[in-house]
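Let me give you the structure first, and then I'll get to my questions.
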């Protein structure tokens, strides 16, 4: 419905454009769409996420999977990047995830502390950095301050900045929840206002209306909701995240509606690697069939 | 009633004077008055503000409107400035809004975190920067500290500083409310004491007396109140903000009384772009008719 | 009763001595005493302080009054200094007040945030800087840290440092109150221990004994109390502040006892400018008659 | 069961490899395994830990013991390093422990403040630095921020970084406790994700399941648990700590299972020096017999 | 009982050794022992401490007393050092006390903010700096961070660092109190672990056992307790402080037992200057008679 924004409209510096071009046109389908493999769950949730497919606990397995599946990039934390990326350096783009936390302490005032810098990303040959912004958190003041330093460093060093724009915290819970249309729409806009090059959002749920702002109390279809979210991101490229493991049909529908709405691509982790290897590749192949229709 | 302070009285450095002169005499009516278009509501309130006129959700629409309407400047956040201002760079002055927040967490101890720097403004060719000061907030200590860095940078780089001087927080609510005469009067003075070049205030409501300081318990007309507020700002140029959408007559009266009191101009957002395009231009034209009477 | 400390005993660097000498011997009576005009109430209390004499809301009026009254200096915030001091620069010494706050949020843990730097004072041609220390405040830890930077900058730049040593906060309220002999005596000593060149205190009230430390539970006359306070300040020059508007006789008695005790001078604001112009000058003249007796 | 990671796989810079090689192949058994002597209990618990063997209160005794026992390194705080390491400098590797705290204040939101820097370690000729990360603590946000500076300095100066990855705080207590399989497994992974070169963990207790994440509710043997923990550390070398004094057989079993699982070695303090001298050496000799089987 | 550590064992840099040598061998008895005169009570408690001997409120009196009494140094805050030390500069060693606070706010989470730097001490010709560490305070995390900067500066500038290691705060109150054997023993060790050159402690009270750690529940004599404390300080020189004014016999016993235990000396303030001048000198003379027996 919306037209996907081009790299020429995103206000990119030369370095940012060079790196994003590499990600979007030299890897994956090479048609300007993208599918990323995020692998920071070992920090965010702990090894419990790997019990469904123990092989996935080994970073070597994941990097190989990313290569075999023809992903446009892999998003990992500094520790794994330093110890495992060398083996495949240059073969698959690295998105260095700059912040992260464990899920053990209470999450009512969440903030994800910075564990690595844009300079670390440059040193490791990364093509982008990732930052989790807990938009709407009572800790948002400190989050914005921390984010600002990342944005400035990314600007100075020509490094594309992907914002995981995640509505979180007790105030969000009271206003529709983290994947309500209201929250996701606001999250996409926030990332765009604050200067993200790419924004990662959850797929919006228009039926979650309780506590949301007034205009969201009407009936909206999933397609209308994701259309609006992509518009709110305007010239910021938008990725839809997979979230927790769910049924294949639901995931493929989500992917199709997102691309139809003008998203640039997908970032699916647990839905990919929490299954057996051949199954993972088959599922990724289905996702890429969808992306191929949106050159 | 008061005489509008001239640029020669405001203690301006050469750089500040050059930029303010450009805004006040090379754009808009060019007679020393000004009307600005603020467009940070996508961050401050979220996309909900755009449902009344969906076209307004697109920053391109707003920039074009600012140009067609002959505004003296447009105030936006760093993300939109980087992605959209290039198209019209030099055609309309940019006021880079340096801080902002979402309205999701509770607002009893508000502080608006800095998202961009005066150096960003210089890099983007801006003619002024904007800072929201939540005057009277229990977080005012941190706010003043954050503001001080902005003031110093603006001083060093010759960049005019517009302070959104907004009484906010639980203490203000208990002492007359955010648009009481007492609160607005104090807000204008605070910005002036702290070195703002321009201050943006709400139109004062002298009838909101409950909890305000003693001298404000008397009867004052709207005109008396705005006169006093402009005097409290003394040599700091004063802009009156529009606030939430209201009836045209009320808005035009507010504009007329403000200019009569010695204000330098207006800064109207939702009252402009939350209506259909032709209607927006017609309304702006009425505002400019008023400003034309105060050369 | 005590001998007033001379500039040669105060451990002053060349720059500090040069500037203090200018204040004490080239302005006012020129006899080593001083009377200052403080004008930061527009920030500290808001425009409500100007309703008693509306002309006083205009900084031009105050600067002119300081000149006509032959004051030794005027203490103002950065904003007014930048916009108004130029007109009289060099004609009357400027004391740049470096910190300040509004009185809207609760004051049980007070701290006055820094709004300007010693470097700003140098740039504006000031002859001293002022810092409000809320001695005894539960926020005293942060206050001391903030103060330390000011003290170091003043030391490095040869700028005299006047400390508004004000006992404040809930703990002070429980231990005798802000103008008890105990609190004021301790405040004078604190400023001296922390390296103030000049300290500004309230006049002590020996009858406020409830909650104060034991030795202060005896009977003391006003004169005995102010004598002790000046001794506690030792080689730090001491100024007595006027505080809220009070009767002339009370104020003149306070001034006389202070000078008798070895104070260097007075710093009277509201008691001066909250009355009609001629009255102000007449009152200042009476103050100077007293100071003239202590060359 | 797992293969112990080699130095060539750990993503080490030249300086880090040189120092780790010295520790693992030039000291102790010289076969790539290691046993360290930690001696920071004087700060962490106070002198009470020395009453069982008063001689151990003297740092000279401990350094001599480390030499006699053929340890691969001794871990001490800055104060003891400056006053006692000179005597044996070069004879036994120094692990400078960079943070630490007393156990007097409540430990529900624990964070261990940094007392020395990586630069101090370089200056003192240390071969590694140690950092205690209270993983899962409600103060984890500040902990990660503090840790990041240490990681960056260690990277810049080529200094191996050993992370004491200790699950702690009220949230951990509610989710299985500090030595549950769940907590220790997560702790190993966290250190690895955050870029530790070596991680020190407690031996996991799979029977502590109450409150732990779901996948940990099954039955696991000790060997299965420590196997999984070593896999979670992946290319980060793993040391198992001794903790409180316990029976010899239990400790030796723990050691054997750890080495079998692919651990690099042990770090035993109180179990070594809270007994008489000859006994200490005999026990260490038994530990080294185990390590010798895993060249 | 213990041997007093020599300067050659304390891991001192050249600058630190030069200055400590000056204090210990060129002043006082010149035999390696020391008695210091602390005079920061004007800040810590306020002028109330001077009512017992009003002359003591005047810093000139105290400096002269230090000289007449043949003290090894005087410990004062920055303000008094700048205004009074010049008169006797070089005649008596200056210990610049770097932090301090008033006793007005509640002391359940105490921290003593830094008011001056090691660079100030160098500028003023000091031979040591003093830092109060409120060991065990709930604010200990910030205290350690603040202390670390002081330790690093002292290391860099070759300035001996004397730590006032004071157990304080609500947690200490619940675990035996500030002068229990447990607390003082832990305090001595903490200063040593954190790199103090000299530590100042209170005399331990072995009878205060309630709430202390287990090993301290046995019966210990005073002599056994102070012996243990000196051992816990190991190569950190130890000074015993006088605390509140007490009977002469008790003080002299304390002094004797401390020196017997291997302390380097005493630091007595109120017990010295809260009495008439001749009495002060007589008491100091008795203290020095004791020290003379421990060359």
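For reference, chains read A, B, C, D and E in written order, and residue numbers begin at 1 within each chain.
Just so it is clear, a residue touches a chain if its C-beta (ideal position, glycine included) is under 8 Å from a C-beta of that chain, and two chains touch if they have at least 3 such contacts.
What you are looking at is a predicted structure, and each value in this text was computed from that prediction instead of being measured.
After Cα superposition, the angle needed to carry chain B onto chain D is 145 degrees, rounded to a multiple of 5. Note on chain placement: the centre of chain C and the centre of chain E lie 35 Å apart, centres being C-alpha means. The mean-CA centres of chain A and chain C are about 57 angstrom from one another, to the nearest whole unit.
Looking at chain A, one finds that none of its residues touch two or more other chains. The ring sequence of chains is given as A, B, C, E, D, with chain A as the starting point and chain B next. Only residues 40, 42-43, 46-48, 51, 57-59, 77-80, 82-84, 86, 100-102, 104-106, 111, 113-117, 120 of chain D touch chain E when the two sit together in their complex. Chain A makes touch with chain B in their complex at residues 9-11, 135-138, 140-142, 144-145, 147-148, 151-152, 167, 169, 171-172, 175, 182, 185-186, 189-196, 213-216, 228, 231-232, 234-236.
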